[in-house]
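Okay, so chain A shows up in both of these, paired with chain B first and chain C after.
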Partner chain A sequence: MTSLDVCRRVAISEVTSPACHFTLMDDRHSIVRLLKVAWLSCRPRPCAKQLRGSLRMHACTAHLTLVLVSAVLSTMVEASEEFPTPLPSEPIPSVATLPEHYPATWAFLDYSGNRFELRNVGSDAHEVKGELPARDATAALLIANHRQEIYLADTVWSRTNYGTRTDFIDIYDPKTLNVTGEIVLPTPRGLMSPREGTFTFTDSQRMALVFNFTPASSITVVDLVGRKVLGKIDVPGCSLAYPTGERGFTTLCQSGTAMTVQLDAHGKPVARSESVVFNAVDTDPLLTASALIGKIRYFPTMLGHVRPIDFGPNEAKILPEWSLVTPEDASEHWAPGGWQVSATDDRLLYVLMHPDAREGSQKIPSPEVWVFDVTAQKRVARVRLVRPGVSVAVTPAPEPMLLVQTQTGLDVYNASSGAWLRTLALPGLNTRMLIYPLH
Partner chain B sequence: MLFLAAQPLVSDSQRAGAAPTLPAASAGNSATTPSIEAGSGRAWQNWALNCQGCHLADGQGTQETGKLSGTVAKFLSVSGGREYLVRVPGVATSALPDDELAELINWVLVRFDKQDIPRSFRPFTPTEVGRLRTQPLRLEVGQTREGLLKKVDAKVSAAGRPTG
Partner chain C sequence: MTPKRSMVENEPSQRKAVDDFDRVTERLLRGFASRTSRRSMLSVIGAFLAGGSAFPLLPVARASEGSPPEIKDDPPQTTGNPQDPGDPSTCEYWRYCGMNGSLCTCYGGTTSTCPPGTEMSQVTWIGTCHNPADNRDYIISYNDCCGGVAGGRCQCERNEGDRGVVRPTKDNEIVWCFGTQSQSYTCTTAIILGTAAASKR
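So, the complex of A and B:
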């Protein structure tokens, strides 16, 4: 491991200083910069106690020993000027654990191939609580609340970008973020930008479903309790999987229908139904970035409608479409735009909206978030963002925060008032993000 | 389907055992006089836009999407195979209208597996395709394909010919 690698691992653990940012963004480095990073990162601070301590501290120790030999004195002087009152030293290694149930102000941020970062988005202090690795940009996360486990579906090749391919699910202990098991997937996963429907629970979180695209479409059914693959179900002509009914899933088909498959306790399909055509795939398709309120998912469409689908019954029920845009706003051509374009606090629907919509603009960052009462089918608020948003999420009640990934960071708003609260840096983010609030 | 009426896909000469006569590639192909060669004509365009992403430009396909080259017309020789070629979801649920879809299936058969087209073959018509595509195969698609290919193998073995 080179000293830069050490620095990276240290810096990634807790990116708080401009020096760290610089090192992460730029491979050109000097010993002084390395020292500074190591020094700043390893200085005991209150929030450091909550990190995955052992790796970080061992790395810090090794690195500090290494670099102290050379230019340490000048850097110490520099650092001491920056921090005139050093914090008391603490014994190392210092391994801390995370709480069994994460607070509602925490969220996993998917850096699309870089890492999944667990952040306290309710804090101004850039509190990184931990992180999970993402080997491939398409890695997907599932956070159980029925058992103490986090699942991460990922893909590696034996020579990084070629060689033997392995698809697998890692199982993590949420308290230590240590791997406690793995399930190897026999069918290659669909490799697509992080999005909903690629990795999901069913059967009250006893089973997981993995969407495969080889490019034939299929679903791998996984027994999460027995930690084994139960089987594979072909879903030709259809994409993604949404948990449906007691033990089943619905997939969206090319023909504009939705097909629901019910499973037995062994993961075998026992019933199937297909809806009428409702998804205008060529003219106004559903955006597969929906918001789940109760058992109903609200799918914004490309042209600014919303299609609710009830996934509660054993056969998905397609509900009537309604419009996000009033006739008064229609002349400005408002429509959803971004990546993760919708979110919910379990009660209201939040959608990233942009004016002057045109062909292809459904993925551009949007300047506003519109908030809807889905029962009244009416807009109840309009949040004018301080910066255009790419992805949105909302943390759970009672004090929901609206999280907006921008091209430079994460803007946090009070979801109830729309007031901007803080902006958090997202070092290493190169692309759109998927945000996993802890509902 | 002008070309089907004007120029049978399988000619008399093929029935007599000679090489089939096929619509020739010619300059100035119109939408209704398709070339069987890649690079021109409406059927090829529809193939390139709707099919070859998964079945690959040369019809070799992948393990799970199925190999068309040297295989696809074999389905015509066993019962249920003709229906399968339309009901397979990539075909049945495509965005193409019935007439273009019928044209495309006929084109694929000739383009990728003309040697296996049975002598008794009647080209697909828009009406037939329109009827069959209303019942796409879903979960059972893999099993159906395997069953049909077994029937094909059995038939080939019974005829004492090497498999293709």
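So, the complex of A and C:
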């Protein structure tokens, strides 16, 4: 081959036929050869007379570009050789489903006005398993374990921020997270930061109770099986509802008492009873974030006591108060702090605690979780958190995990040892949350 | 695997195409050279260089010069009254001792007025806050503004005097939008109702 032949091929034929580069791609040595070709086109000496100036430069540029493209494409071709079988075609449409019974490592996280997120908190993959929408920041969730249904009490306005107000309960299928029913509530729900006692079961989960605050207080009784509202019971001067006895509820009153209402099968009140004054509402009120162990709820108080109330009988039984803090702890002014301040693994009581308590500090994030044996009324463990916690919950046995919502995410600990396990990011969370473990 | 033939080893038909291309290109270049003097070429190149140097002086180019301006926090607000001290757009402002919510001063309202497009609730919770300027205690009414857009700006939570929902008038977690057309929460004001008796603190 003469130098002129080389020049012509280099400068013209390859440029006019760039496809040749791609036909070379499966040749292992093609890139080297193309680089040689490009170098020839850029080299002035052999072609100085035949191809001058701009023409030679065009050929040079074109070659270098094509060599680069060829190199990239040849890499892709070589990659495909490693996977001789293409990916299978996938069916459309396709929607994920969930198991009938959720694993104990899953929990619903209430993003307060955004969504309820179902997450596997026991996985380092931080899996989101699904989501339920919350239209209002005050939406509340009930997860039935007697039937395959999840209930979400919510409020909307026909024009988002004004218009006709509708309060309702959406019924979801836990396997599909599709809405399977709806119950419209005639009385406006109490709109307040999500907390216990605003939406709860009674009558072995056949009925639901919705706390209304207009600002008159009342309770709406709902038949969840018949999917209809049974009635409304006024509870003047009292707030929230805790399931009591076989079919009834107890509400906490401004006077410092608790009033229990028993219902008949149609949701009508058949008996009322009021306890003695036990709640120092103005000086050391119960924090309405209790832990249920058996039939007894343990309510921490603002100053660091705990008040057990037995909701098993048809009339709530107020049990003696005991202290969460020893005299030594008291000297450092330890007290509960956070939003969902207490939790349980169905055996022990876990409470978020902070030192240097003062007026107004009852909702600040706390640096420790104290664990109590409620029978012995003694602290059995003290978990120093990796960062202060706002809300706390414990997943069920056999391997309970302590879930602590912080201002940036969710820290997961081994509830038995207190060892930190993982931290989950909570994108979109801008406030405190309620955590719903699946007990 | 059999390697494919390289295009460098050309067929005779391609060689003819190469010759044709060679000829056409040579003709074009020779024609261009015969019609163009070196001086005119220099003048064209000079004009491009001079014109190009003027582009950075145009306003459109100057806007993108240098690093972008820093995004700063909103500047502090003031009541303009030395007896009412502090920045009402921050949680530390003295009237917010029992606050829990979004500050209306960040939504177009003030400490005592709701933003345009909202409606002030007549029913609310109250607190008692100490004014460091005149050393008096004041009863503060935290009236919610309702029906607007809840944007989540300027969240403030201090909770002094908060006693929970069992004592509703001392609970700052309730959406206090009552008697308003909409109960959709927007923000919270902090209105002086009057001075409190000394025994209140």
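Throughout what follows, the second predicted complex is superposed on the first by the 347 of 439 C-alpha atoms of A that agree within 3 Å, B and C clash if a C-alpha of one lies under 4 Å from a C-alpha of the other, contacts with A are read in each partner's own complex, and residues count from 1 in each chain.
The rule is simple: a residue touches a chain if its C-beta (ideal position, glycine included) is under 8 Å from a C-beta of that chain, and two chains touch if they have at least 3 such contacts.
None of the values given here were measured: they were computed from a predicted structure.
Of the two partner chains, chain B and chain C are each touched by A:P215.
In the superposition on chain A, contact of A:I233 is made with chain B only, not with chain C. Using the contact criterion defined above for the overlaid structures, shared-chain residue A:H439 touches neither chain B nor chain C, since it reaches no partner. In the superposed model, A:R272 makes contact with chain B only, not with chain C. In the superposition on chain A, A:C253 makes contact with both chain B and chain C. By the document's definition of touching, neither partner reaches A:R422: not chain B, not chain C.
Looking at the shared chain after the overlay, A:V281 reaches both chain B and chain C. Touch criterion met: A:N430 reaches chain C, while chain B stays clear of it. In the superposition on chain A, A:K175 contacts neither chain B nor chain C. Once the two structures are overlaid, the count of chain A residues touched is higher for C than for its counterpart among chain B and chain C.
Once the two complexes are overlaid on chain A, the chain A residues touched by chain B in the first and by chain C in the second are 214-215, 238, 253-254, 281-282. Listed in rising order, the residues of chain A touching chain B in the complex are 214-216, 218, 233-238, 253-255, 259, 261, 269, 272, 274, 281-282.
On the side of chain A, the complex with chain C involves touching residues 8-9, 12-14, 16-17, 20-21, 23-24, 26-27, 30, 33, 37, 52, 54-55, 113, 137-138, 155, 157, 160-163, 165, 188, 190-193, 195, 213-215, 238-240, 252-254, 279, 281-282, 285-288, 302, 359-363, 430-431. Note for the complex: chain B touches chain A at residues 53-54, 62-65, 88-90, 92-95, 136-142. Put simply, chain C touches chain A in their complex at residues 1, 3-4, 6-8, 10, 14-15, 17-19, 21-22, 25, 29, 97-98, 123, 147-150, 152, 155, 157-168, 170-171, 173-175, 177-178, 181-186.
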